[in-house]
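Alright, structures below, take your time with them.
Shared between the two complexes below is chain A, which pairs with chain B and chain C, respectively.
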Partner chain A sequence: MDWHILWQYRAALWDGLVTTVWLSALAIVGSTAVGVLVGCLGATPSFYLRRLTAAYTELLRNLPLLVKVFFFYFVLSMPTIPAALLGLVLHQSAYIADVTGAGIRSVARGQLDAGLALGHGYWQVFRYVILPQAVRIVIPPMTTQYVAVIKNSSIVALIAVQDLTYQTQQINVETFRGFEAATAATVLYVIVALGIIGSMTLLQRRVGVR
Partner chain B sequence: MTDQPVDLRRAMRSPRVKLLIWRIGCGVVLMLALRAVLDLDWTSVAPSWLFLLTGLGRSWLLAIVAITAGGLAAAPLALARVYGPPGIRQAATALIECVRATPELMIVFWVYFTLPIVTGNQVTSWNAALGSLSVIAAVYLAEVFRAGLYSVPRGQSEASAATGMSGFSTFLYVILPQAVRNMVPALIAQLVGLFKTTSLVYAIGVMEFFRSITVTNNAVFAPYQLYLVLALGYFLSCFAITRIVRWYDPKYQLLE
Partner chain C sequence: MGATRALARMAMALALAGVAMASAELAQADQTLDTVLKRGKLIAGITYDSPPSGYLDAQGNVLGYCADVARYIAKRLGVGLEFVQITASSRVPLLRTGRIDAEIAITTPNKVRNEVVDFTFTYISDNGVMLVREGQSTKVEDYVSPSKVIGSTQGNGFVAGWKNLHADAQFKLYPEESSVVVALKKGDVDAVLTNEFSAHRFAQSGGLAYTAAWTTSPDSIMIRQDESKWRNWLNWALQRMWLEGTLQKLYKKWYGVDVNFRMGDAGEIQSRVMEIGQTDDPWKDLPPGFFDALLSDKSYTLQ
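The block that comes next holds the complex of A and B.
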């Protein structure tokens, strides 16, 4: 064991961590926007919208993320970062759409009926009655999804985006100190994941079900 | 005459007509897709069909062996986490959570690159792939098993304690059969996830489906055709497993 190697490569590890964090942050924002939109559309009474969104999630969930990222990078010849980002967003948006849909459906149907009976329009009921309740329910499963984004972002190392996993491989190639590098990267990944879990727990305390 | 459009509108609103329109729409899209696929030049790809099929078979083999081995390892982990004495319980929890928080690709690299450094023996990439996928399967299945054990209402164990059954026979004859029944859909969902995860061992050079596609592409350069085969191979495999879940429990919502 030679842990000094980590100090020697601290700049590389730091760069990798920064890349991983901002890539994941963008992917989280993007996949939440797309996923919540698709999930909400899928929870409307419209038959065709439900079928279309179901097809979207079914298609994207049954393909590995690696396939999507390589498709954008090699087949469509996109630059590395947009290819990685698009792959991550598309992949996770399908899961987030499912989580959102399940959250909306879990708000009791009686709430919708009561709102409609009071003479509100569908969108009014959706916006002011169902959505606020669904947001609270959805926070814990959403945390799982965001942690999954962090974990999945390691795949972009395979198309040479210089994230944490990529830097680990570089250290391994240059010094054969794979064990130390992998340990450091794992610890850093766990810290980022814990950061997400912690902030989502805070959010849950603020707005969630008590 | 004036009734005509109104009737048509009403007819469009009936669920059966909607389903029919949806199916026709899907049919048209599929036909267009099929025409586009047939327009591609398949002569360069066609000779590799057996190679690609072998790759797909290897992916299936990896997934099935890993979920079996992982299941065997997950059972004691889950039992330790649920019923273990205080020290062991926390240790099992920490182990499961740490591995679950680590990216799957990092686990693959860990087993392939750092296990030889720790133990001193060389690991073949195939064994490293099986090992890392088994580790991944084990921790996720441990959580499935735990959820399954918790899904049995507490009243069941209290009732069997009241009738004088021992702790062990309560577990074996009352808790376990119900837990297993509740677990099956989540188990199959894990198999879908694991099948997709097998694509990661591409990184350590195992010739599974994804790598066999990229190798073929490097040789004949037909990215559109090969990526179509790739997408279809993964989609149909995972879709088949998903359908098995629906067949087992039509009400089950598949959430990994």
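The block that comes next holds the complex of A and C.
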């Protein structure tokens, strides 16, 4: 074992880490926006919206992420970063839509009826009664989704995005120090994931989930 | 604090993984030759996607120059042969954990790699060329510019060579050669660093052309470190193949050109290399018809 090799390649590792972090951050923001919207639409009384969102979720959840990324990059000929980002956003948004829908459905149906009986509109009840409760319910499973984004982002190395996986592969093939490179990747991915878990724990405390 | 505990747990897991990896590496050095003979089988790491060096046909037969060299070596050792597929990133872990006895492929030695593994004499010499789209310039100097995006595979020895000559070059590296070629075709990279053998094959498939050679790169058989008996034997075998003329014929058969390098240390064959030693030098006579079969198109039936 020669750990010095990691110090020699510190600039490459840092660049890779930065790329992984900002790509994951954008993918988390994008997939949350799309996923929550789809999840909310899926919880509406409209039959067509429910069917449409179910189709979206099923289609994107059942396609491997690699297939999506390759499709955008090689078939649709998109540039590297947009192809990678779109793949990550669409992939995770399907799961987040599912989590959001489950969160909304777990708020007792009686609360909606009570709100409607008091003369509020559907969207009013949704916004002020259902959503605040659903948010608390979905934070823990959402944490899992965000960690999944970070791990899944390693796929983009396959289309030459120079993320953490790409850089550690590069150390491996240039120096043949595969164990050291894999260890560096493990530690750095775990640190990023722990960062996400920590932030989500703080968020949970703020919104009063225990 | 949860995070501290999680970190402590992670450190423990990594430490355990380190111990596991260290013990996975072969405990006793200089055992490979004996191991192969005792096992009665040579386990050769080989590429499955690099024609004409090592590749699979539609029926799953392992073909190529490297595969035939492995067949010859196994027969001379008097043992069976098993192929294990290797890739640029899996070759060293497979070797270091003893899952293969030797990597018989297209790996270029360099000093940093040599700190981790050992190499035999050169047995292939690749010309480094640039694969480009048809209609683009086929002059190498037109791609010497930081504005040009140079594509290749991760682990390709030509990348380091190009970087040495042109420090400001811009690279885009993919894990698979097929991905690089698609990237070239769709214009994501301007030129691809590869060897002439591959470039020739891709150019034949249409829409692509390639430049003249800008470098040559020697390839060797790769083995574990501290394996002098095994490395000696492989070096003797390569030199004997050379003296017999078998290596040159295989080279011509697969690459379509005459060998463009000389075998041995500084291009010299060791004197008395054909004398078979009493110990650590197994050298079986080849069965009748073996040479003809090896040089034929059906050498894969020799397994």
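Keep in mind that, in the parts below, the second predicted complex is superposed on the first by the 208 of 210 C-alpha atoms of A that agree within 3 Å, B and C clash if a C-alpha of one lies under 4 Å from a C-alpha of the other, contacts with A are read in each partner's own complex, and residues count from 1 in each chain.
Going forward, a contact is a pair of C-beta atoms (placed from the backbone, for glycine too) under 8 Å apart; a residue touches a chain by one contact, two chains touch by 3 or more.
Everything numeric in this text was worked out from a predicted model, so none of it was measured.
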Sharing chain A, do chain B and chain C clash or fit in the superposition? clash
Touched partner set for A:98, first chain B, second chain C, both or neither: first
Figure out whether A:186 sits in contact with chain B (first) or chain C (second), or with both, or with neither. both
Quick one: is A:175 in contact with chain B, with chain C, with both, or with neither? Answer first, second, both or neither. second
Which partner chains sit in contact with A:79 here, chain B, chain C, both or neither? Use first/second/both/neither. second
When the two structures are overlaid on chain A, which partner does A:160 contact: first (chain B), second (chain C), both, or neither? second
Who touches more of chain A, chain B or chain C? B
If you stack the two complexes on chain A, which partner ends up touching A:202: first (chain B), second (chain C), both, or neither? neither
A:151 contacts which: chain B (first), chain C (second), both, neither? first
Hey, which part of chain B ends up inside chain C in the overlay, 4-12, 40-48 or 112-120? 112-120
Shared contact residues on chain A - chain B and chain C: 74, 157-158, 169, 172, 176, 178-179, 186, 190, 194
Can you list the residues on chain A that touch chain C in the complex? 1-2, 74, 77, 79-80, 157-160, 166, 169-170, 172-179, 183, 186-187, 190, 194, 197-198, 201
So in the complex, the part of chain C that touches chain A is made up of which residues? 2-3, 6-7, 10, 14, 17-18, 21-22, 88-89, 92-93, 96, 112-113, 115-117, 151, 154-155, 160, 172-176, 179, 182-183, 186, 188
Contacting residues of chain B [partner chain A, same complex]: 15, 18-19, 22, 98, 101-106, 109-110, 113-114, 117-118, 192, 196-197, 199-200, 202-203, 210, 214, 217, 223-224, 227, 230-231, 234-235, 238-239, 242, 253, 255-256
Would you mind writing out the residues of chain A in touch with chain B in their complex? 47-48, 51, 58-59, 61-67, 70-71, 74-75, 95, 98-99, 102, 141, 147, 150-155, 157-158, 165, 168-169, 172, 176, 178-179, 182, 185-186, 189-190, 193-194
